[in-house]
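So, here's a batch of structures to check.
Across the two complexes that follow, chain A remains constant while its partner is chain B and subsequently chain C.
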Partner chain A sequence: MEYPQAVPLKYGINPEVCLKLTKDKCGTCEEVCPANAIDYTQTQETITLDAGAIIFSPGFKPFDPSKFDNYQYVNYPNVITSMEFERILSASGPTMGHVTTFPKLPAKPKKKKDKLLAKKRKSPKRIAWFQCVGSRDMNKCDNPYCSSVCCMYAVKEAVIAKEHAGGDLDCSIFFMDMRTPGKEFEKYYQNAKDKHGINFIRSKVHSVTEDLDTHDLQIRYVDELGQIVTEVYDMIVLSVGLEITPETKELADKLGIEMTANGFCKTDSFEPVATSRDGIYVSGVFNNPKDIPESVLDASAAASAAGDALSEVRDTMTKQVATIPETNVVGERPNIGVFICDCGSNIKGVVDCAHVTEYAKSLPYVTFADENMYACSQDAQDKMVEQIKEKKLNRIVLAACTPKTHEPLFQETLKNAGLNKYLFEMTNIRNHNSWVHKNNPELATQKAKDLVRMAVAKAALAEPLKEEKIDVNASVMVVGGGLAGLTAAKSLATQGYDTHIIEKKDQLGGEALKLFKTAQGEDVGEKVAELIGAIEANEKITVHTDTTLEKVEGFVGNFKSLLKTGDKTCELEHGVAVLATGAKSSEPTEYGFGQDDRIITALGLDKRLKENDTQLDAINSAVFIQCVGSRETDRPYCSRVCCTHSVDNAILLKTRKPSMDVFILYRDIRTYGERELLYKEARELGVIFIRYEVDKKPVVVIEKDKIKISLNDHVLNQPVTLETDLLTLAAAIVPRKDEKLANFFKVPLNDEGFFIEKHAKLGPAEFATAGVFVAGAGHYPKPVNEAITQGRAAASRAATLLSKKDNLFTSGTIANVNVEKCSTCGVCISICPYSAPRFITEGRFEGKADINAVLCKGCGLCVASCRSGALHLRGFDTNQIFSQIFALGEVV
Partner chain B sequence: MADNDTKIVSFLCNWCSYGAADLAGVSRMEYPADIRVIRIPCTGRMSPKFILSAFREGADAVWVSG
Partner chain C sequence: MNFKKTGSVVVIGGGISGMLSALDLANSGFYVYLVEKGPSIGGVMSQLDKTFPTNDCAM
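Up next is the complex of A and B:
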């Protein structure tokens, strides 16, 4: 078993070292295993599966830096890989989350003294990270691509290391280009620099030597001024890249799918998860190096692609999951089980969890309390189910992280134990306690006890609740007719759902219509026209151009939107919505933009390339300026696409006219993944890259026959002046910032106006609002292939919901009326924003109030306003909230 | 509730302030440990009776946020 959270959580035998298998000796494990689970005779089996489609996600392996003799990874114990450092930071890792150095051990430790050495670890004072180990390197390894994730993880590791070690740890990151083009990544990088005091040094370290006595690591590098610098560190972390294994390549060959020269899957920008072989789809790092959110998007997109292909046979092989019958606990005395989660060291590092667990046992109605290292891990969950059954627990309290992310998971555990999922109360001793009171362990422990006592008091009053079925209208509204929206619509329509596209302009295609070529060289205009053709030919899709959204009512499964086309309005009923409103290029306010027609934006150049403007051939010198309006104080994000776009266009100009001088003025070149090959190609073609600092921007002077650009050359460290006929500005990508639309669907926007998804890593194509999904540049700037992937991913998430249409239920935590007490005053009816309460019109209780369970959002407004005390909010009832207040008042 | 320290009872809306308190944790902000959070589905759920009751139980302050 590699780590305690492995899935499945089962031990395996390593056949290479097992004495029984190698020498037919020992056999102890078979004797001691009480479950008789050991079977030495098991061998490899061949299983045949019939499948309609294959999704290939073989992943990667971290680069092995052993062959780099200059970093001495093999010989120096304190030169480690980033993956090893990740384990050091982990609470379940070898050092329990403490950052320590490793003592030097003799090659073959013999004496007891030598073995004891292994335990002698000290805290490092200085740690250095070396970037691009096994990436962007043709010299020592054959990986010319950028691994995309290492810059960000190095910054994260440095920040966490400082957090774990306290203030005096010195962290330095040695890098070539700092590549943080992901959503919110640039801000994280700037914070790491400004707030956490992490040093960023632009240099490639050429050698490491170890002091024989102290084991200090001495490094030598050339700084930006060309001086050789020698420094001493305690620990060096090699930021190793991502690599495709020979086994994966072999398997891919066997499957008959095409790969790039670097072993990644070859995909088209417009079908970014389809391999060269029909019916086989790809996701994850094998489909180019990528971070977690992009991998999750890839996975959803691959599911949608497979779903499209198999739409005809949908639901023909479905099997029903057996539901566990619910135990009736009504009228039983509460039998509360309390579970305290350590969350590794996240909680336990501050709160005395063992003490809180003991304390919980002393509380009224608590018959069982237990402490878990990670309550959310599969093994802890299985154990919880057993404990609930064995101790006949009928109310569960969990003191752990936030119910906002983890409540559903534990409610599922209750269901598996045959308990109604509302007999559960979660209290937050991590986000609201250990994380925010880390310097006050005693007060935090006291607070945890108070919170557990309050939760127990509330749980004692919990009742089993029923969920009502929701009818789902299986049609879709896609807002935005750009690439992402069109892709989502096409996929959902292919899977059989009626789809409506709302586009405010008079034609479909969005910003993609302005693009010339993708990074892979495909003609965007041609492909978009093809896609629009397919959309228009699809009978399931209705396109509403020149249309705006005026009003949205309802909730998941039952939205009603008011569309306005010209003077006409019409109402559209739909079950889900995909928001794909996109983003646009900003208008630069610097470098003389707008004063001269030789100064254009990247889209302006695309337009001229698209029109095959012959004037381009007359140009002798072209200059690109990067980060125009991006990565600055008032727009602190990276626009992600511009580096590749400019490099690509520079190549186009240079190949069009090789004698042309082409310059790219940049801050960091962020050609992530295999886009790096374009950067390499551009340099080989003679495109000149000059770096500038944000506080020393290039100065543009417009003259009659030339545009003059002056800046400091980073290699020569001398001012230079370039003369050019064409200045292309990589203008920032700005979101539409449509607050009206965000309000309609009650979805959030970030400071810059991009939509905030449900979860930055695990929910990148959906919103926290049920039934509403997000795709495209409205979420964050992204190139064609990523917009399409997210469009597909949103479609996949929407289809997941729509396909459950017979299994969708309301929440159980809604209001209900005690008709005996209702005085028919009507306050609840007038106050409810969702029109859930109404008067009963006939029968014994005519005139009394009643709640429509589907419309009720469980806000409790009516409950608070009811003068007769007739209304109750299930799960948050008045007596439950009072019980929490009273529990808080108890003197401990 | 011990007599010598301050206690603030806070009623936080599940959708905004409770999430914000979660985020304060994720961002590792620090604040005094005097707060005890009661999660409510919406501040619409608040009743004056809860506030009075909290004071009666010895709270030095009540914070309703949503």
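Up next is the complex of A and C:
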């Protein structure tokens, strides 16, 4: 068994070390196992599966730095990998989440040598991270690509190590380029620097030596001014890259799919999850190095590709899940079970969980309380089901993390134990408590007790609730006819759903129409035209160009939108919506943009390349300036696409006319993944890269025959002046910030105006609003292949709803009316934003209010507005809220 | 195509990506075989402590 939350949580026998299997001795486990689960006769079997498609997501192995003799990973006990450091930070790791030196030793060493070393264990005062170990390196290993994730994980590890140590820790990250081009990443990086005081040192460390006695580590590096610096650290973390294993390559060969020179899957920018073999799709790191949200998008995109191929045989192989009958608890005395989660050290590190558990036992109606290291692990869940059944618990309180991510999981557990899922109350003693009151464990424990007491008071009054069935209108509205929107529409139409594309311009294609080539060299215009052709030929798709959205009503499964085309309006009924409104290039306000024809944006250069402008051949010197309007105080994010775009265009210019001098002025080159190969190619072709600092930007002077650009050269550390005929500005990508649209669907925008997805990691193609999905640059700037992946991912997520026709249900937490008390005033009807209340038009209660369960969102506005006290919110009834408030006021 | 299609999909690899592909497909009407080499699913993500940028627990 690998770790406590493993799924399935079952022990296995390692056949290589088992004495019984290797030497036919021992056999103790068979004797002691009370379940008679040990069977030595089991052998490897070959199973043949019939399948319509294959999704290949074999993942990666962290790079093994053993062969790097300059870092001495094998010999020095305090040089570790980032993956090992990740385990050290984890509460379920070998050091229970405490950062100490000599972490590779066993917790209780047995060997004499280890015991001596263990005595030298201390809390480190200085930790250094070395970036690009096993990435961007052709010297010590053969991995020329960037692993994409190491910069961010190193920043995260440093921030969390500092949090664990409580400020008394010095963290330094040695890097070449800081690559934080993901959504919200740049802010995290800047915060790490400014708020957490993490040092960022731009240098590749040459060597590490060890003090023989203390095992402290001395490093030598050259700083940015060219000086050799020697420093001593307690620990060094090697930020190892991602690598495809030989086994994966072998399997890929067997599957007959093509790979790149680095062992990643070869894919097309316009079909980013399709392998070279029909019917086999790819996702995750094998489809180029990527982080979790992108792997999640790949996962859904691959599912959509497989769904497209197999749509006519949908529902032919699936089986029905047996449902457990619900126990009727109405009228029973509350019998509350309280479960306290340690969340590893996340909660337990601050709150005295054992004490809170004991306290919970003393609360009214509580007959059982238990503490779990991770309540969300499968064994804890199984145990919970047993405990509910055994102790006949009929209300459950869980004090743990956030219900936003974990409530559905525990409600499922209740269902498995035969309880109605609304007999559950979750209180957040992590985000609202242990995280924010880290410095005051005593008061945090007190607050946890208060929160548990309040939750118990509310749970005692919980009643089982019923969910109403929703009919799903199996049609789709896609807002935005750019690449992401078109991709989503094409996939959903292929899967048989009527799809409408709303585009405000007079033609489809969006910003992609302005692009020349992708990073992989595909002609964008040609491919977009192909896609538009396929859209127009698909009879399931209706395209509405020159059309705006005027009004949206309804909810998941049953939206009603008002479209306006010219003077005409029409109403569209649809079950789901995909928002793919994109982003655009900003208009630079510096470097003389707009004052001279020779100063253009990246899209301006694409236009000239597309038109094959022969004037480009007359140019002797071209300069690119990066980060124009990005990564600055008023626009703190990185626009993600510009580095690759400029490098790519620099290569195009240089190949077009090799004698041309091409310069790229940059802050960090962020050619992540295999895009790094373009950066390498550009350097090999002689493109010159000069780095500038944001506070010492290049100065542009426009003269008649030349444009002059002055800046400080980072290698010479001296001012230089470049003369050029063409200055291309990598202008920031800005969102459309469509607040009207966001309001229509009640979806949030972030500070910059990009849509905020449901979950940064696990819900990147959907909104918290059910039935509304997001794709493309409206979510965050992204290149062609990523926009298409997200378009597909949004389609896949939408298909999970559309294909469910018969088993989509409302929430049980909705308003209901006590008709006896209703005074027919109509305030609830006028106040409800979802049009859920209405007057009963006939029968005994004619004129009284009634709630349409399908429309009600459970917001509680009507409840608060009802002067007669006739309205109640199920699951949040007035008596429940009051009991919670009174419980808070109780003196303990 | 002349041959009959099968309404099931094999997903190779039980990491975060494989698991979510499997879930999406199963939730949209396909039978899924999730194949994993190791003794448990979860992949590398389950070994991580917290995830950036929200510092949510990776489990």
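FYI, the second predicted complex is superposed on the first by the 864 of 892 C-alpha atoms of A that agree within 3 Å, B and C clash if a C-alpha of one lies under 4 Å from a C-alpha of the other, contacts with A are read in each partner's own complex, and residues count from 1 in each chain.
Simple rule for what comes next: a contact is a pair of C-beta atoms (placed from the backbone, for glycine too) under 8 Å apart; a residue touches a chain by one contact, two chains touch by 3 or more.
Not measured: the values here are computed from a predicted model.
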Touched partner set for A:Arg797, first chain B, second chain C, both or neither: second
In the superposition, chain B vs chain C on chain A residues touched: C
Which of chain B and chain C A:Thr878 touches, first, second, both or neither: first
Touching partner for A:Glu231 - first (chain B), second (chain C), both, neither: neither
Contacts of A:Asp379 with chain B and chain C, given as first, second, both or neither: neither
First (chain B), second (chain C), both or neither touched by A:Phe886: first
First, second, both or neither for A:Leu443, with chain B first and chain C second: first
Touched partner set for A:Asn428, first chain B, second chain C, both or neither: first
Complex interface listing, chain A residues touching chain C: 1-3, 5-10, 12, 49-60, 62, 83, 86-87, 89-90, 93, 97, 152-153, 155-156, 159-160, 182-185, 187-188, 251, 283-285, 292, 295-296, 298-300, 302-304, 306-307, 309-310, 312-319, 343-344, 346, 374, 376-377, 401, 405, 760-762, 796-797, 799-800, 802-804
Chain A contact footprint on chain C (complex, rising order): 5-13, 15-22, 24-31, 33, 38-57, 59
Touching residues on chain A, where the partner in the complex is chain B: 163, 402-404, 428, 430-433, 435-440, 443-444, 446-447, 450-451, 454, 813, 857-861, 863-864, 873, 875-876, 878, 881-882, 884-886, 888-892
Complex interface listing, chain B residues touching chain A: 1-2, 7, 9, 14, 18-19, 21-26, 28-31, 33, 35-42, 44-47, 49-50, 53-54, 56-59
